[in-house]
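Presented below are the structures under discussion, each in the form of structure tokens.
Each of the next two complexes has chain A plus one more chain, namely chain B in the first and chain C in the second.
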Partner chain A sequence: MKARRKEEGRWAWRLTGFVTVCVYIFMFAPIVATVILSFNASMFGGFPMTGFSLQWYGKLMANEPVLAAFRTSLWIALVTAGVTTVIGVVTSFALVRFEFRGKQALSTLVILPALVPETILGVGLLVLIKAVDQPRTMLLLVLGHILLAVPYVVLITQARMVGIRRVYEEAALSLGASRFSSFREITLPLLIPAVVGGALLAFTISFDNTSASLFWRPAGVETMPTQILSMLKISISPEINALGTVMILVTVGIPLLGGLILQSLTRLKRRDEPKEETR
Partner chain B sequence: MRRRWTLYDPRLAWLLVAPVLLLLIFFLVLPIAVMAAYTFFTFVTAGVETSALTTANWHEFLTDSYYAGFLLKTLRVGAITALLCGVLGYFPAYFIWATTFKHKWLLLLLLIVPFWISFTIRTFSWINILGEQGVINVALLKLGIISEPLPMLYNEGAVILGMLHFLLPYMILNVYVSLEGIDRTLISAARSMGCTSAQAFREVTLPLSLPGLAAGLLLCFVLAAGSYVTPQLLGSGRDALFGNLIYDTIMGELNWPMGATLSIVLFLVLGFFAAIYTRFMGMSQIVKGLGG
Partner chain C sequence: MPDRNDLSEVPRPVAAGVARPGAGAPAPSGGIGAGQPAVEFRDIDIAYGKFVAVRDFSLSIAKGSFVTLLGPSGCGKTTILRSIAGLVDISGGQIMIDGRRVDDVPIYKRNIGLVFQSYALFPHKNVFDNVAFGLKYRNVPKPEIVRKVGQALEMVRLPGSEKKLPSQLSGGQQQRIALARAIVFEPQVLLLDEPLSALDANMREEMRVEIKKIQKETGITAIFVTHDQEEALSMSDRIVVMNAGAVEQIGTPQEVYETPATAFVADFLGKANMLAGTVSRSGQAMAVVLATGQTVEVACPRPLAQGSKVTVVLRPQKLSVGAAASANRLSGRVVSASYLGGSAIYEIDIGGKTSIRANAPITGRVLREGETIDVGFDPEGCVLLDEDGQRIS
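So, the complex of A and B:
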């Protein structure tokens, strides 16, 4: 009896493991296929592989609209990451350290942009600027991206800020530090992992954004995702697979690199000051 | 008479949150309010409308079964996607939580990596799997199992598959976060009292992880029902969802009042589901799931 039960448990565990492996394959198979196909010598963007070639990367580097879209997306994402991180950190600081009326409402409101479908946010902003007769501008697009990234930055920095005891800041204040320097010298260094994480996430959110950008972009401006979308309307060419691979390298490589640098930095620091507790 | 500023002065707090508050007001609250007003405007011709108030848009929406059909299909696809995510996502979440594998962080990292890969690219990459020249068709043709490529793309199944692909990480992370919150001694206690592992799972682990599952289901449902890109890339015209309808109404027909009406409808319907959820579960679980 007991043996049979144990057997059942083992099978359930095996099933769990099997489904897990399948889910991971499911998540990465299409991406792997795309990366492999980007090196295909064939004229068509599909299997079978007819040989190894880098020609599609060469074509990509000569494709001016793609390069322009890449540059546009890059600077929008950089500005979005910078601004969102600053205002997100400041907001988290207020939400964690201060008590004020409407705090609860504000913390709910601030995560709404992550929950409301982008189509609705997209249409809403367009209707608003149409109502006041304003054109679509780059500023609008960037501010829109900041709106979409703010919830994530606030959530990440808030979670970390809760773990930083306020007595550290208050100690600095009582020793005569100004409000700003106590924040800069005490809070910010302890917050760095969340700041970097938030900034990277804000970067990728902006760099990836498709639906809302379709509504908000000024006439004639293409961001990387909208450019891909319009290329896909024509056909799936190997060039798109190459483009996809480059994008994957950029958006996965940068956060991974950031994470590694961060980890080695904190490790170095740990060695310097062995007693650093944030909890 | 200005009061002296105290250490944690509410006025300072308002100053600190001012930028985000302004952004939320001008880019979230105000647009939705103006959109709600726009639903009562009169459509004249493409791109032109007057502020003469009318209920024509709502009348058209409520009487034309075309719109109701779209809404029902969107909700159905969203629900199917969310349920599939729940079933398929629970296993990996449980596995990652329960495994004694030393490099657990790697499994978690692999779940986060898809968030970094462009959503458009993840979606179109399915064409390389399901398309006529995709992995499956080419392999089956080579093996001689089929003589004609199977039409697997541009149907509802492909759309659901694509959404499953981008929503599964959300689901797994949500369930994982709530599993992580379970006190493991409860399970040992159940086992020591004579529960089989299946019973312990059913009586202890599963009920305690339900908040995460519920949060994941809501998140997946809302994101699936509001999607635009996936049906656009992986579906045919017939598989368009409400988001596509909104886009076409505004960017194609330039019928702004109707587009606003449809947006408000989607907002209210999804808001209704979110409200039911928060009524029972509160917001905190969603916050945990989103924050990672």
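So, the complex of A and C:
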């Protein structure tokens, strides 16, 4: 009886394991394939592998349009991350700490861009720009990316801000810190995990964005995703696999790195203090 | 001395707090307490929208005294404390700290020390940075900060804890650090918002003594908010009993306990017995027929007309049980008995669906439930309230 139940349990575990592995394969196989194929020596961007080679990366390094697109994407993402984080922190501070008319409406409106399909948003902004007769500029592209990233950053910082009790700020004020000082010394440091998380997310959102960028980019300007798209129109070159690998590295690596740095910072801080039992 | 307990009309500014903390009776004006009060409220109103949290609150607090605002939750005591700090805006009246009107002074320029129920130590700063916070914003030079923080930690008996984080301290230790942080820059007033409520019972008792000791040593003016009558009675020079946004009584712990000004005070502090009755014989030794039928003799400060409705307020400690009951004997039956070691608390049914609580020293054996017993009280040992629940004086 007991043995049978044990047997059943084992099968349940095996099934769970099998399903899990399948899901992971489904999720990561395309990524792994891209990475592996980027080292393929073959002229064609597909299996079978004919040998190991770094030539596609070399080609990439010499491909001026690709490098330009990379630089464009990088600085757009950085600006987006910076501006969005500031907007996010200020907005969530206002939404959590103050009571004002239309607060509910504002808090809904601020996350709306995340709910509207990107294509609609892309067309909408374009139509607006045309209506006021303005050219498509880099500024428009950056503003668009900020628009896309703000909701996520607000959501992240807001969740953290709710957890920071007001009494800390009150204590700081009572001790003589001005409102700005108490924000800088108390609220902001306690908010840092959300600030870093928000900035990284904003960076990836901007760096990855394809559909909206297609609408907004000025003539002749390519971001990484749009560059890949236009390359794909011509041929499936193994160079694209290399480019894809670089993209994966940046969009996965940067948040991962940020998280690790944050984690080690807190861990270091904790190790500094002597552990002592409370009486 | 004018009677400071009579608050049957609009409360007027009353000098709460005595010059020297710990003195048994209020000191006459003079000495340290003379001159400007440390904090003065003049007809304060505080409203949140349509809800009036505090109305017509006036109080004057002498320098160096320990004053407690006591009342049930929602009575406005915390609101008043926060209005001194500047965390709540007043809608009418004036608040003065050391003679300076502070209504328009922002909180960070008021120079007050604030201790919260939840400690509110900055979790990302160590003990040193927490305590030094107020000094830093007063541009105190670094070596001086180090010295003063050391002194303050010494005072709260946690020397050498500078490098620890708040999360590494127990609740009691955190509250000590919070206290050190609030007094290290020598504020004009120390405000304590239920600082003991979050602690467990043993720690609470210890901290009570500690806070009082530190307050005496530093001579700082302290305003303490609590709903715990024991804390209020044991720590304060003066108690301000509040209910529903208004003052019920201001007095020394003894005054407030022994001669409650209103039915609310009598009930809130120590759950006094309150027996309704009618005056049947006027005069110095007045007779009152209780609603339960018995007639008792009580001392009255002024003659009352025959037929006036009164309430006789009796502290459980003022009742004597059994053979000790001499005057005003009421016979009853013990409903419940709780043995407390030195004394016992009896609940005695005296008929007419009325039971009274007596706290009597134990002589011989403890009474059991169901026993018939006499209770009595001295004619001088009670307080009389009129129909509106105000003390007759």
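The working rule: the second predicted complex is superposed on the first by the 252 of 279 C-alpha atoms of A that agree within 3 Å, B and C clash if a C-alpha of one lies under 4 Å from a C-alpha of the other, contacts with A are read in each partner's own complex, and residues count from 1 in each chain.
Please note the rule applied: a residue touches a chain if its C-beta (ideal position, glycine included) is under 8 Å from a C-beta of that chain, and two chains touch if they have at least 3 such contacts.
All values derive from a computational prediction rather than experimental measurement.
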Taking the superposition on A as described, I'd like to know which of chain B and chain C A:Thr210 touches: first, second, both or neither. first
Quick one: classify A:Phe100 as touching chain B (first), chain C (second), both or neither. first
Hey, is it chain B or chain C that touches more of chain A? B
After the superposition on A, what does A:Pro218 contact: first (chain B), second (chain C), both or neither? neither
When the two structures are overlaid on chain A, which partner does A:Pro65 contact: first (chain B), second (chain C), both, or neither? neither
Once the shared chain is lined up, is A:Leu173 touching chain B (first), chain C (second), both, or neither of them? both
After lining up the shared chain so the two structures overlap, which partner does A:Ser181 touch, if you call chain B first and chain C second: first, second, both or neither? second
Let me test your reading of the model: by the given contact rule, A:Met247 touches which partner, first (chain B), second (chain C), both or neither? first
For chain A, which residues lie in the overlap of the chain B contacts and the chain C contacts? 170, 173
Can you check the complex and tell me which residues of chain B touch chain A? 7-10, 12-14, 16-17, 19-21, 23-24, 26-32, 34-35, 38, 88-89, 91-92, 94-96, 98, 110, 113-122, 124-129, 131-135, 138-139, 142, 164-165, 168-169, 172, 196-198, 219, 222-223, 225-229, 232-233, 242-243, 246-247, 250-251, 256, 259-260, 263, 266-267, 270, 274, 283, 286-287, 290-292
So in the complex, the part of chain A that touches chain C is made up of which residues? 165, 167-168, 170-179, 181-182, 186, 189-190, 273-276, 278-279
Touching residues of chain A toward chain B in the complex: what are they? 5, 8-9, 12-13, 15-17, 19-20, 23-24, 26-31, 33-34, 37, 44-48, 87-88, 90-91, 93-95, 97-101, 103, 106, 108-121, 123-128, 130-131, 143-144, 146-147, 150-152, 154-156, 158-159, 170, 173, 201, 204, 207-208, 210-211, 214-215, 224-225, 228-229, 232, 236, 240-241, 244, 247-248, 251-252, 255
Would you mind writing out the residues of chain C in touch with chain A in their complex? 85-87, 106-114, 116, 118, 120-124, 126, 133-134, 137-138, 163-165, 168-170, 173, 181-182, 185
